[in-house]
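There are two complexes below, and they share chain A, which is joined by chain B in the first and by chain C in the second.
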Partner chain A sequence: MPKMNTLLSRANSLFAFTLSVMAAVTLGCILTTAFKDRSAPVRLHVSRILLKKVEDFTGPRTKSDLGFITFHIYADLEKTFDWNVKQLFLYLSAEYTTKSNAVNQVVLWDKILLRGENPKLDLKDVKSKYFFFDDGHGLKGNRNVTLTLSWQVVPIAGILPLVTGSGRVSVPFPDSYEVAKAF
Partner chain B sequence: MARGGARGCLCPSETSASGATAVGLRGSAGRPGYVRCRSPKTIFLKNRLSPLYCRSSPPIMLEHLSSLPTQMDYKGQKLAEQMFQGIILFSAIVGFIYGYLAEQFGWTVYIVMAGFAFSCLLTLPPWPIYRRHPLKWLPVQDLGTEDKKSGDRKIKRHAKNN
Partner chain C sequence: MLSLDFLDDVRRMNKRQLYYQVLNFGMIVSSALMIWKGLMVITGSESPIVVVLSGSMEPAFHRGDLLFLTNRVEDPIRVGEIVVFRIEGREIPIVHRVLKIHEKQNGHIKFLTKGDNNAVDDRGLYKQGQHWLEKKDVVGRARGYYQENRSVEDRNCKLQV
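Presenting the complex of A and B:
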């Protein structure tokens, strides 16, 4: 008797059908959140800046400007979380212009915010995590150093959009070394 | 089918009482369907020696295992396929809606996997509902003299062609 449809062939077709359906469901999940606006309001405040002149160990051994910034962050990220977001990668970056470079961007601090954690950020007196080195002496007396908070949305399925928060703050750096400037 | 003779060991008294056709069937206990011609003398010798040719249970057990029902009939296969496709699609839709409302994609995956497990249970083993339309085979034709005659005819035809 010819066995057209054995147990294994039935199991094979069942499993393959389940995988195809799962792929279609994932595609539906992507489509429901692909065109969503992921931005959110952000409030930043810098409380203290300290400038030092230190030998730059990351590059050539010349003395470069090193800044230490303490800041407050307030952001409400509840609307960016939906069923297709696994985590948010937040980072604070500083942007400024010097005589030698037109655009300098340095990441000062970052945080991973998982789904389930409190999405309303209210952090006070956060010290910068990474060294704020400048190649040269561009930070001393710099009129305009802009700090912005951006985040990368890591979805369960789909594209990873990079969003910049709406609030940003510009601070002038002190004119001399080893003198803290408070705001 | 000549399998009827393969049940249990041959008893010498039974063999002598049966006659030529029965011996023809039983002599082929190892190979079902293979019929050999025997003269009365060999029948007598075979009766004496039949306990030595006695086949015990292992080949019979293997035959029973291979005839365990693991297949469905064709209408049953179609029914099983429709059922599992329907179940998985339904669980995917329900899971999608539930995950969207609960804001957790994990729930969607769990519901689809539950649908998969349920349809596995429902369609993989050959339940009786899938065997309601068995194939209709032709009735068993009587072997023995008729077969011998057709065998002779076949031999004659081959001789002609050669």
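Presenting the complex of A and C:
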């Protein structure tokens, strides 16, 4: 009977030690990639801009400005991927100021880039995925709507940083609404 | 046979040793509690570590993965961030990404969320008549992630898709 006890207690302390070591190694691995610079060069270009005034059918049913943008995205994200990056969640967002709201941000398009897929993006004539409704009429005549491409780094284990690409483009919206044209 | 040995040990202990063992156990429990409460204070969130419950954020987060949250109210809410929010009247918090924000000069913000794996935004999940979320609905923001072990096939299949 005494022999069984020491075997069990040995197994117990070995198990506890293994767990602690594994936790420390995981933490060490996380730390090696936690402070890496995840930025990358981005080039954006806008080819078509259209402005309409429509009842916001996606939410509050008030007549709001609705923008349509077609754009090109060029980004080289090869350096952002490493062993601890599972995927990048890319999103193109428009930021602007209006009379009623100091900060407005709308995500127009997003894409999931898994590790293993082609990290060089060269997309042309991309239409916005989500409706660009303003909270009011702030897009009409707005000369300073800035488009940027950002991404969230999803690791296997570790921090979830949000990084904004270096390229940005300013979109000037027209002063009047399109009535008939379809996008 | 082992259990009998253990009981014999307990009987052999005098009162002082028994109290010591109970106190020892109490110390371990309080230390664990202190660490948890300390985490709550540092992160500012009432649940600093949460488990992902649904598949609405796949392929980034799968059911069973761990998320580490902070809830610093001074940090402005911006698109792309992953927020954990609770809808009024519902118990279970939801972990989704911010899709749209409109913030006024005085700091009052209203925002819209969407799960990465969902085709539409979350307006269908909000309360009847509710179109936006506000700061008060936010329980925390996801800052860290730990993937629960998955089989090698699972990882490889996802890469080939």
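Quick notes on this one:
Note that the second predicted complex is superposed on the first by the 151 of 183 C-alpha atoms of A that agree within 3 Å, B and C clash if a C-alpha of one lies under 4 Å from a C-alpha of the other, contacts with A are read in each partner's own complex, and residues count from 1 in each chain.
Following the convention adopted for this analysis, contacts are C-beta pairs under 8 Å (C-beta built on N, C-alpha and C of every residue); 3 or more make two chains touch, one makes a residue touch a chain.
Since the structure is predicted, the reported quantities are computational estimates derived from the model, not experimental observations.
Residue contacts after overlaying the shared chain place A:179 against neither chain B nor chain C.
Within the superposed three-chain model, A:130 lies in touch with chain C and out of touch with chain B [touch as defined at top].
Legend: residue contacts after superposition of the two complexes on their common chain; A:107 is shown touching chain C, with no touch to chain B. In the superposed model, A:89 makes contact with chain C only, not with chain B. Applying the stated contact rule after C-alpha superposition, one finds that A:16 touches neither chain B nor chain C.
More chain A residues lie in contact with C than with the other chain of the pair chain B and chain C. By the document's definition of touching, of the two partners only chain C reaches A:158; chain B does not.
Legend: residue contacts after superposition of the two complexes on their common chain; A:5 is shown touching both chain B and chain C. Of the two partner chains placed around the shared chain by superposition, chain B is the only one that A:28 touches, whereas chain C remains out of contact.
Within the superposed three-chain model, A:58 lies in touch with chain C and out of touch with chain B [touch as defined at top]. On chain A, the patch touched by chain B and the patch touched by chain C overlap at residues 1, 4-5, 156-157. Of all the residues in chain C, the ones that touch chain A in their complex are 1-2, 5, 59-61, 76, 78-82, 97, 99-105, 109-110, 112, 116, 121, 123, 131-132, 142-147, 158-159.
Chain B makes touch with chain A in their complex at residues 70-72, 74, 77, 80-81, 84-85, 88-89, 92, 95-96, 99-100, 102-105, 108-109, 112, 115-116, 119-120, 123-126, 135.
Note for the complex: chain A touches chain B at residues 1, 3-7, 10-11, 13-15, 17-18, 21-22, 24-25, 28-29, 32, 81-84, 156-157. Against chain C, the residues of chain A that register as touching in their complex are 1, 4-5, 58-60, 86-87, 89, 91, 93, 100-107, 110, 112, 114-116, 130, 135, 150, 152, 154-160, 162.
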